[in-house]
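Next, two complexes with subunit A in common: one pairs it with subunit B, the other with subunit C.
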Partner chain A sequence: MSDRTLSRKAAIAGIGQTEFSKDSGRSELQLACEAVLAAITDAGLTPSDVDGLVTFTMDTSEEMEVARNVGMTEVSMFSRVHYGGGAAAGTVLQAAMAVATGVADAVVCYRAFNERSGNRFGNMTGRITTLPPWLSWYAPYGLMTPASWVALHAHRYMERYGVTNADFAPIAIVDRTNAATNPGAWFYERPITFEEHQQSRWIIEPVLRLLDCCQESDGGVAVLVTSTERARDLPNPPAVIAAASQGATFDSEMMTSYYRDDLTGLPEMGVVAKRVWSQSGLTPSDISTAFLYDHFTPFVLMQLEELGFCGRGEAKDWATVERLSLGGELPINTSGGLLGEAYIHGMNGITECVRQIRGTSCNQLANVEHALVTSGTGVPTSGLILSTL
Partner chain B sequence: MSSPLADWSESPAWLAPIPTSDDREFWVGARNGELRIQRCGACGLHQHYARMLCSHCGADEIAFVVASGLGTIYSFTVIRKNGVPPFRERVPFVVASVQLDEPGARVLAAMPTTAIESVAIGARVRAQFRPVGDEFAFVDFALDSA
Partner chain C sequence: MSTRLAPTITQDTAFFWEGLKTDQLLIQRCEGCGSLRHPPRPMCPQCKSLSWSAIEATGRGTVISYVIPRHPPMPFFDDGYIVALVELDEGVRLVTNLIDISAEDASMGLRVVVRFERFDNDLVLPLFAPENIR
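So, the complex of A and B:
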């Protein structure tokens, strides 16, 4: 391993979040500040110890507003990551690079929104006057919502590999089962059966049913990143960043990418996979648990293939409820994921994997050593591997 | 049971294309009843939408040619819900990714005159042109009956 590696130089030492709801009743800035302050407190630090901030380009809470409101004094590094939910692990990558190089000592990554009670994605009613360039080839044909964007990829994938909607059910069942025992999850105590999945209404026939699509949520999540060396002395067991990478490829677009040769894979995640495996020196069999970004279930199957857990077209047979459940070969989305817990743009997957590394999840697994986190798919994306010290 | 087809002839101003120097040829061509795509003189492959360089080989020897307008459905979806006018009144309708007969090019477009029940991956389609504003037109597709 080269001296130039980022691997294990930084760690997540603090996590914070608000409650997850459908109507927070307060501003996005308020949610951001609550989550940021909770992460700083969890790390055993004070706001004046924090000198870096990273968020999503889509976030409405400006870095300096957050800094002012929580009481940070000197901020030496601030940065934003683009491409919607694809940014989640990317914010931690930025923070890890900053602390590994000494640019900053403690960086907080945050994401907070009222995505359900405020501006909902895919709702363009009355908001559009001119189209952004990436949408100008699609919106005139009425292709304007995330579910419809995903559908063309998923439909071709299903046709090529003989996949049916029933093959997506295990993802929804596992997520909702895990959410059912997570008191912080929106779908707490509300698991679903295979029959309920198959009876839920079509959103995009024959691709997506209602229970294949993640919920919309209000809430905020933050994580505090510092050097592994410093994290050793802080109150909570560090979640060491064994690997972090963003990923984009030729002809990547925001959710669409219809002009690439093949729509049956998620090549952005292929880039992330290659980088995180080589950076960490780990392989899929080393992973104790994974948070796989689950905005739409078909893309979870495609991620399993891109990450090398199974071969191309094999996920429909590999991704069984037994294998993906708590105690299985690869337990996924142990907090319930975006479908079951909340849709906080993937940041809540990072915090859950930190809890698994610490041993404090409400659905705690035994002997967790390495947790894999992926971010939004169908967009330029990112991923992380978190490990024990 | 076949759903009645909506009228797509009127489009609001915010949906009208704002052509760039790279893609103006496409929009003007559509108004003239032609599907104009780019062909690379170096590798011979085609591309849509318009770009500065060949997306297959990177060469800058690209020029617009008139495509046959014929192709095959690569993937598609049916839009059943869309809260934004005019699409709110147009549902349900098909949006398809069409592999053109000209090697290398695919076009994503709506199929407003085609009943949703009759669409399948692999079906043969033909381009149609729908005026928008005074100078340009959208390219749509319909099942090719020929």
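So, the complex of A and C:
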């Protein structure tokens, strides 16, 4: 491996979060501050030890507002990542690069919002008075929700490979089963059956039913990244960043990449896959558990194919409940994912994989060595592989 | 007449929306290499030319994907409306609505033809109907 690699130079040493709810009752800035401070404390550090901050372009909490609330004294690096939920692992990539190059010593990545009680992504009408230029090709035709953008793409995949909505049920069932034993999950103790999935109402026919769509949630999540060397001496076992990459390709749009020859894959995730496998030197069979961004179930199947867990068009047969459950070949979304635990824009998938590496998940797996995390799909995206020391 | 959310028109896209007002479905054509592109943008990714003109599409194409948004209800739309991705015979794609067809009859590969539909505020949208009923 070249000296220029990012692999294993940085680690996640602290994680923090608020409770996940449908109505937090407080400001997004307060949620951000609570999560950031919790991550710093979990790492055994103080705010004056932190000199970097990274968040999503979409986040409403300014870096300097967070810094002054938490009491950071000197910040040398602040950055934001674009493209909605595609940013999640990208924030950790930014932090890891800063730490690996000595630009910063300890960087906190955060995301906090009231996505259920405040501005809901699925309900833009009434909020938008002037359409942004890209949305002007879709909104006049009533294509105005993330579910509908994803479904128009996914329907083409379904047609190509003979996939039906019933083939998405295993993803929802596994997520909700895992959430049922996670006391922090919104759907704690509320698993679902195949029949319930199939009886849930259409959101976007004939692609997405209600139980194929992630929750809308209020909450905040933060992670603290520092050098692997320093993380060794901190209180919690580090989750070493074995690989991190963003991914975009020619003709990528924000959820509406309809103009490429092939609408049957997620090429952005293909870039992430290529980069994280080569950066880490690992292969899909090395992965102990994965958090696969599950805003909408069809794109979980397509991710399995892009990441190389199975071949093109094979996910509908490969992605069985047995294989993806705790104790299976590839347990996914062990906290319940965005469908079952909460929708914190993918950041709660990173924290769950850190817990799996530490051995502290409420659905802890045996012998976890490498955990894969992906971010929002259908958008320019990102991914991570976290490993034990 | 009814209403739709009005597009935001930019220097790069004005010709498309203007063309609709005279019942023309225009496609941007690179003056450098002749390739067609949609949605409109200033530079040709193939030859990098900034020079372009517009050709009038035949208005015929094929449905390559479609969905029926059921929830949440959208202002200006009745339940059962169809959003489609149509590939024009010229090779470029656009998102549109299918009209004069029920949701149950929508299908992949359906041959469609443009209908210029007029809405409030001088807005004209290129919607598509099944080819065989024109």
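In this section, the second predicted complex is superposed on the first by the 389 of 389 C-alpha atoms of A that agree within 3 Å, B and C clash if a C-alpha of one lies under 4 Å from a C-alpha of the other, contacts with A are read in each partner's own complex, and residues count from 1 in each chain.
Here is the rule we go by: a residue touches a chain if its C-beta (ideal position, glycine included) is under 8 Å from a C-beta of that chain, and two chains touch if they have at least 3 such contacts.
From a predicted model like this one, the values you see are computed outputs, not experimental measurements.
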| item | value |
| --- | --- |
| Combined model on subunit A: subunit C and subunit B, fit or clash | clash |
| Subunit B versus subunit C as contact partner of A:P132, first or second or both or neither | second |
| Partner chain in contact with A:H153 - subunit B first, subunit C second, else both or neither | both |
| Partner chain in contact with A:Y259 - subunit B first, subunit C second, else both or neither | both |
| Footprint overlap on subunit A, comparing subunit B with subunit C | 123, 125, 128, 130-131, 136-145, 148, 151-153, 155-156, 159, 202-205, 207, 250, 256, 258-259, 263 |
| Subunit A - residues contacting subunit B, complex | 123-125, 128-131, 136-145, 148, 151-153, 155-156, 159, 202-205, 207, 250-251, 256, 258-259, 263 |
| Touching residues on subunit C, where the partner in the complex is subunit A | 4-10, 13, 38-39, 45, 64-72, 74-77, 81, 83, 85, 92-97, 103, 108, 123, 125 |
| Partner subunit A, residues of subunit B touching it in the complex | 11, 14-15, 17-18, 47-49, 55, 74-84, 87, 90-91, 93, 95, 97, 106, 108-110, 121, 132, 138, 140 |
| Subunit A to subunit C touching residues, read off their complex | 122-123, 125, 128, 130-145, 147-148, 151-153, 155-156, 159, 201-207, 210, 250, 256, 258-259, 263 |
